[in-house]
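Two complexes are shown next, each including chain A; its partner changes from chain B in the first to chain C in the second.
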Partner chain A sequence: MLQRLLGGGPQSRKKKVLLGGGALAAVLLAAVVVGAMRGPAEPQSKGTPRSMRLLTQDQYLNTVAYVFGPNVQPTTRFAALPRIDGLLASGAAIAGLSDAQLETYQKTATKVAAQIVSEDSRPYLIPCEPAATDAADPQCAKEFLAQVAPLLYRRALSEEQIDRFVAAANQSADALHDFYQGLSVVVEGILMSPNVLLVAEVSEPDPDHPGETRLDSWSLATRLSLFLWNAAPDAELLAAAQSGALQTKKGLAAQVDRMLASPRLETGVRALFDDMFAFEDFNRLAKDNTIYPAFTGETAVDAREQTLRTVVDHLLVRRADYRDLFTTRKTFMSPSLAPIYKVAAQGPGWTPYEFPADDPHAGLLTHVSFEALHSHPGRSSPTLRGKALREVMLCQTVPRPPANVDFSKVQNPDGSVKTARERIDFHLQNPSCAGCHRIMDPMGLSMEAFDGAGTFRHEENGVPIDTSGNLDGVEFTDIVGLAKALRDNPQVPWCAVRRTFAYGTGTPADSNDRRVLEYLSAEFAGQGYVFPELLRDIALSRAFRKVYEPHLRKTFPLPDLKSAERPQQTASAEPASAIHP
Partner chain B sequence: MMNNVNDRQSRSVPKRAALGLTALAWLPLLLGGSVTAAEPAAAPATKSAAKAADGKDWAPPGGRIGYVLWDEVSWGLRETPNKEECPNGFNIGPREQFAEEFPKDGKKRTLAETQLKREAAIWDPDTTPDEFPFHEATGKYAIGVNLDGKDTPEDFESDDGRKGIDNQLFRVVGCVRNYRKEGELGIITTKWRAQKPFNRVTFELTGVDSLKNDPDVTVSYYRTLDTLLAGPTGNYLPGGSQRVDTRWGKRFIISAKGRIVDGVLETEPFKEILVPEDGMGDPAINIFRSAQLRLKLTPESAEGVLAGFIDVEQWYYAMNTAWATHHAAYGQASAASIYKALRRLADGYPDPKTGQNTAISGALDMKLTQVYVIHPESAPPLSAAR
Partner chain C sequence: MKVKNLSRRHVLRGLLNGGVVAVALPVLDCLLDDNGAAWAATGESLPLRFGTWFWGLGATNRIFVPQKTGAGYEVPSQLGPVARVQQHVNLFTNLNVFRDGEPNLCHYSGWIVGRTGKAPKTTAEQPGETLDITVANQIGRTTRFRTLTASATGDFRNTVSYENANTPNPPEISPLEFYTRLFGADFQDPNAPVFTPSPRVMVRRSVLSGVLDEIKAMEKTVGATDRQRLDEYFTGLRHLEKQLDQQLTKPEPIAACHAPPSVSMDPKMGVEVDMVQKRHRMLTDLMVMAVACDQTRVFNMAYSNAQANTVKEGYEKPHHTTTHEEPIDSHYGYQPQCAYFSSRAIEEWAYFVEAFTKIREGAGTLLDNMLIYANTDHGEARIHSLDGLVAFTAGRAGGRVKTGLHVDAGATGVTRVAYTAMRAMGIELPNWGVKSNMTSNAFSEILA
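Then we have the complex of A and B:
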């Protein structure tokens, strides 16, 4: 804001400095004026619901890697989360826990614990040596557990709680005649604790705003850390929570800025966009190898990575305009992707790559990750691509197709029908189809310039592809035109704000206060759509830390047949504080 | 606004001047701080070009196209269904020769008189007359190139009517089971060629105005570094990239002029083409002197022969080190007999002192697939097949 007020680029700003005292006075005046002209304050809002959500697999693994080091990376696969309002992060708030999941958690915890106490790891992961390895050593056990348990529980633990862990470690060590196995049993137990696996947010009265509630310090620290780093809080953030600094404006800003400046921000931003772009679908993406022989399993992995690298480079390294993600020709190339793009791979690994100005590749829509992910195994799909554009990039909802769709028209065997545009023309002729397809097909057909593997093409079955279309009234003739239309669509930054806020707060956008999102969007625009600034604004917003009691779903258990009495209604969730240590 | 991402201070500066005069403390940084993004060096752009439909003329972008060797079909063997080229049948191998030389007749023989004698004949071969009959491949036709420009009685004719084909190596190995389709060398050599980076070699054509007809192109040969682009069914796909090995592969680099006629490339002689061959971990280099290429070209692949006068000693060394005893036994390839035939039929590069030929004409029958050739410190090749 200050830079904009001063006007001009960096060179001109430098010159102004040289103008001396007069300029300084002007700057002082300008600062005062800006103070008076500051934008609207964050509007009042209800805040977000105090939620209980499941730690995702990546959050769990990132946390373990932070606490015990990156070498401790157990192979595991947690159960898939439901996608709610475009985000798995929101789905984590309604996910259940089955016996099978618990078994997975237990296996994972066992692997982690075994690796920590292994002979290779113990010298640097356990800060002391026991007096004897075949017996309990309460002092050494306490030293270790007092260090790691708070990081895993994401909060300070009482002396009594640590002592209970130590007692359990001693008991196991005595029974197993092995100090390290004793520790391993306790670590395994901690990693399976509901307080570790579930993020149960706790609220407290907000002393600055009587009658309102806010997240307590620990919950705020966790929400911040999962948002920006996709991992549990680090020791410094927990210390800020413990001291109460996190509940002060200055202390919160200091921690948020520290987190934004950390290299761990990249992990957080990658996780956010991996979720936003529904990239978990890559786990089950397969292409017909007889049709797309160059598309291998490695291609799918690299396609996902290419887009995430581009996002990180564009948003964090270059701090460029978020909207330009949809038109940028700068990306990264790997040997597995180069054959799909029909370009040379410069190295055995990833190398920066820029498509030339006249190239049809411009922006994320032209990445293999978008075109191949939203296609069928053996052919492209204007409808899937149009739907994804609406839902993923614009946060719109396309209704599900009716159950009685006649797919025979799509699979028209008529040899004279050469292109997808001809094949799906009936969509727009049939009134029952046209309602939805009108919002998908016009932009999906322009993406027919890419086959089902994401390779650019001019023709389909020997017939030139008509790539013209329109997006919300903006006409274009080719895929680059679509990319520009999308880039300039006001819904794009709005969608980014909505998804990012929902991701950060862990609650579906439906529950978010629209006025807050509008405020954040205006700020985002005012800051030139620099994404880290949006992250900062969200993290520092009152709406981020202000919470309210969620509406509890009432359950009606089956009547007790023996007594034939109707049981009383019970809430499905207990107060979160009940399960805290 | 393009701020340096490392300039974390500027990110943490409050955005609004309304935060008060404290913001002024950051002013010098804001005004004088770097605003140049720490951008990684982007690779120069590639240019798109339309690929011709099959049968139509096409010029690779920038007049440049590379082909990497992935399949060695054979050592220039022209095999007929009725084995007409081997009227006397196939040669016997080391097991049969051993049994013949040392029959189970009750006679006592020492290890040195038997196994070590045979071993010595392999590793210290000579040109004395073979104790066993050796069946050379015969006939009118062979695969290859007229290397010396002459048409002599020992030369062959190609299937497409070219006279004076020099391929004496065909006579040597044409009736040895190992080298024929019945043998296993073709399959395994191709596997090794594809899988072992040591064996990676690439040709690059430059100055190509037409892949159909161009009287003047330059063909360069490189040792390259990268794995092949594998398809889902064990084949190798066009569109991969190969980086030229300029560190250890300098001695392999060589160029020659060529011409394309009706989609077939023919080159002037390369002085010497070195073909690396690592089979079982004991690498060797085959040397093709006065080498010529004859390749049928498409935008996706090339197929044909690398012909030349092949250094006999190097070829023999490569055979013995690349292949294990069991390959020779099952493939009925007697090294000692093959050596004598090689020396007997060698037809090029006479030793100045002895006058004996040191090289034998032959051809490597091969398949190549299109790649982008990456030259270090140079502009990347242009996009093809777009």
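Then we have the complex of A and C:
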């Protein structure tokens, strides 16, 4: 806090040194006088594109659960979204709609509606009882629909619109001789609405900045809410949008702080990291039972959960340094994970767990979720792991493998090859392979300390594993050394800022966002890499609510952080499968 | 006499308005001929159907490509299972994919050219309209589903069907969900003695029109690219309306249609070959009955993904890794484990084809009234080659295609097979494909 009072970001600290210690009081006073409680002002930017996104499956399910209660949980599977610049959230802005997807929407809507009016649920979910269950009751229908429809539409609805829903409910109730069935038909219709299933942002002229456009209040409320909660706005946020408070500095800050303090934040942060870490791959993860008998379907589910629990605990509960996620020994353990980690059986259920100080398990890279996910069903893969480290943790893109490589020169027919290091040594001997494999293999081979299921090991086929390597010039001898090197790599927090900003605004970050991202990164550093502060800074930034029409945008790939001093990488959508083992 | 002339829908609507919710209608036996083919009796010809099948990493050409061409070719060992259906299929070998200066995008360029006719520049460039959609837009608009797509990989991101660059058709990966979608509560058995239209469906239909109005209002507020997606939304809703209309209409009897036994649980998740085989067969059996019941006339099935990730229990290398790392056996002259995986894929191709021959339709089988096109991503997988590719067709497309032939394509383009298939399906295309992959040269040897 004191740091923030003194100016927060690195640039203002420099100013303080120039001014000398004696001037501290004057600086403080000046800060109070101008009301500048923060570091340097946010740089001017174009803002972000106004977009139309598909509401994702989780956003839909979370919203339905918040509006109708946690028991309303339809089973469904929305179509896969493309991963754009590292995020499915960005893919939602371009994904098209097939007939099959509309069918899924309808089936899901039917399930939700049926659950709401089921005899068990109606006493809790419908705020009134109809005069007769076998006939229309306009008053009761209106009471219910006026309450839930705005929450699903994410905006206030006109009296006429509500009346149209009520009329439809009455008509259906009359036709079916059932008040509740009539109501459920209307709920189905609402849940099929493009206004519900598509997040089409609306802009308006910004009265404070002539010539610029900003999101209108409803669109801003939705952008905030999808960002922080991964769900539609609640009634209070919609009220702030309706009153106009959300478009004031104070009103916006009050809502953002309320949202950050809400239990829904955990759901939002889990969704962000699940997306960033490409955990949807867990949906198809299975291991070879004969090679890894301890790895079951439950292990895969728990591996994902373990990392998300660790992320939430570290970032939200402890408000610890983001970078320490890559070295922390604090985590959670479940009965199905214990045998993989070779620790005493835990449980029942989840228990907090801390690995000893000399243990090779330190940070997210050593979690089963990383090591097993980026492996084959029957063996580990230094290349897949090195690629994931570059792309997921450092926001870099590893180029695709070259074509027409004759592998007959590099196959190992004699069976004397025992370890992955020997097996993939040919990558570095072949010039067409070496260029890319040099950026993956040196850290991938260090992770050979874990087998394909994520269990720590000292040797492979009876031969000790050499886990030495380097990451961007930092040498290390073992996996813990790699974890530390990653933790200290300046690209790590830069990547987090870039992905979080793109996730929040709904479209990939590009060169237009560069100065804003640098500003947010400096703030993040100045605040000791406390993640909720980053969320707050992004949500309150002008770039978050200032929008422009996408076709005006001239984009260039976003290069790495300047200070990282490494060859420029290009950003593009590459399928994760497009890589050698 | 045609069923549709009875105007049952209108009659039923009248009844429903009067509060009657169940109406029994007699089976129209007069429509069934000796083979039980309703269409024959209604004076309409049997419908033509089009399907595709996909497998990754090609074949082991050394033990796959027959020496002889034409009819009665010998069957090398890896082609073995195809012997069971040899008279129903055509085998194409020695096919090329032309890159036209674009990179060889491993596991991508090959199958994309085979299904869209165009070599992609990058893997970020999505395929665009695949040939099944071209065909479906012509012949698939009257059925409950315009197309059905399934994948035995267990990964719902593996699809071989694209409406356009941003709209892949999501595949069915779960036999349980596929069964429910096809034969669950919304299925109308065309041969059911009692037809009971749901009053619920009628009110649902009326609510949908309100939703269509909302799209029109939204179109005014979004940009041009997003308007296209709203159009897709609109089209999807129209499709749902049509499905509801069909549910309110007594269907014409179809003798070949027998709703399969219900699927109560899914097979185990995983990419081990036996698991994939089980999933593939369950999905295939459902697909066959979906076609027999005229739920769709266009369908796609993927056995494995491009760059197949199939594994063998106890063997650490997945299929793809094996192609790179397994030494060529000096005795056999090929990679034996890699060949094992390819053989398992070919076994499933034979199963797929055979499954359609088991349904009687008209004077022949279901397969006689369809054409299936099967393709893969590479020739020799070991070096990611884009030459020496193989492909199949199966079925006689209602007599338009001759079968039982092995055609050596003489290093011509893989697009010729797809082009020939589309021509056989009655798609009027003077040519198909882009640059070197463009062809107007159908395989005349298989066209009847």
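Quick note on the criterion: the second predicted complex is superposed on the first by the 503 of 581 C-alpha atoms of A that agree within 3 Å, B and C clash if a C-alpha of one lies under 4 Å from a C-alpha of the other, contacts with A are read in each partner's own complex, and residues count from 1 in each chain.
Rule of thumb we're sticking to: a residue touches a chain if its C-beta (ideal position, glycine included) is under 8 Å from a C-beta of that chain, and two chains touch if they have at least 3 such contacts.
These numbers were taken from a predicted model, which means no experiment stands behind them.
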{"item": "Which of chain B and chain C A:339 touches, first, second, both or neither", "value": "first"}
{"item": "Contacts of A:527 with chain B and chain C, given as first, second, both or neither", "value": "first"}
{"item": "Touched partner set for A:132, first chain B, second chain C, both or neither", "value": "neither"}
{"item": "Which of chain B and chain C A:289 touches, first, second, both or neither", "value": "both"}
{"item": "Which superposed partner A:356 touches (first chain B, second chain C, both, neither)", "value": "first"}
{"item": "Overlap of chain C and chain B interfaces on chain A (superposed complexes)", "value": "289-290"}
{"item": "Contact set on chain B toward chain A in their complex", "value": "1-3, 5, 8, 11-13, 15-21, 23-24, 27-28, 30-33, 35, 37-48, 50, 225-227, 229-233, 235, 237-241, 243, 372, 374, 380-381, 383-386"}
{"item": "Touching residues on chain A, where the partner in the complex is chain B", "value": "1-3, 5-6, 9-10, 13-14, 16-17, 27-28, 30-39, 257, 260-261, 289-290, 293-294, 296, 313, 316-320, 329-330, 333, 335, 338-339, 342-348, 351-360, 456, 458, 527-528, 530, 532-533, 536"}
{"item": "Residues of chain A that touch chain C when the two form their complex", "value": "51-52, 77, 79-80, 82, 94-104, 106-107, 164, 168, 171-172, 175-177, 181-182, 185-186, 188-189, 192-195, 198, 200, 202, 283-284, 286, 288-291, 297, 376-379, 400-401, 403-408, 411-413, 423, 452, 549-551, 572-575, 577-578, 580-581"}
{"item": "Chain A-touching residues of chain C, taken from the complex the two chains share", "value": "16, 19, 103-108, 122-124, 126, 145-146, 149, 153-157, 163-164, 166-170, 177, 181, 199-200, 202-204, 206-208, 210-211, 214-215, 218, 221-226, 228-230, 232-233, 235-237, 239-240, 243, 269-272, 305, 307, 309, 311, 313-318, 320-321, 324-328, 382-385"}
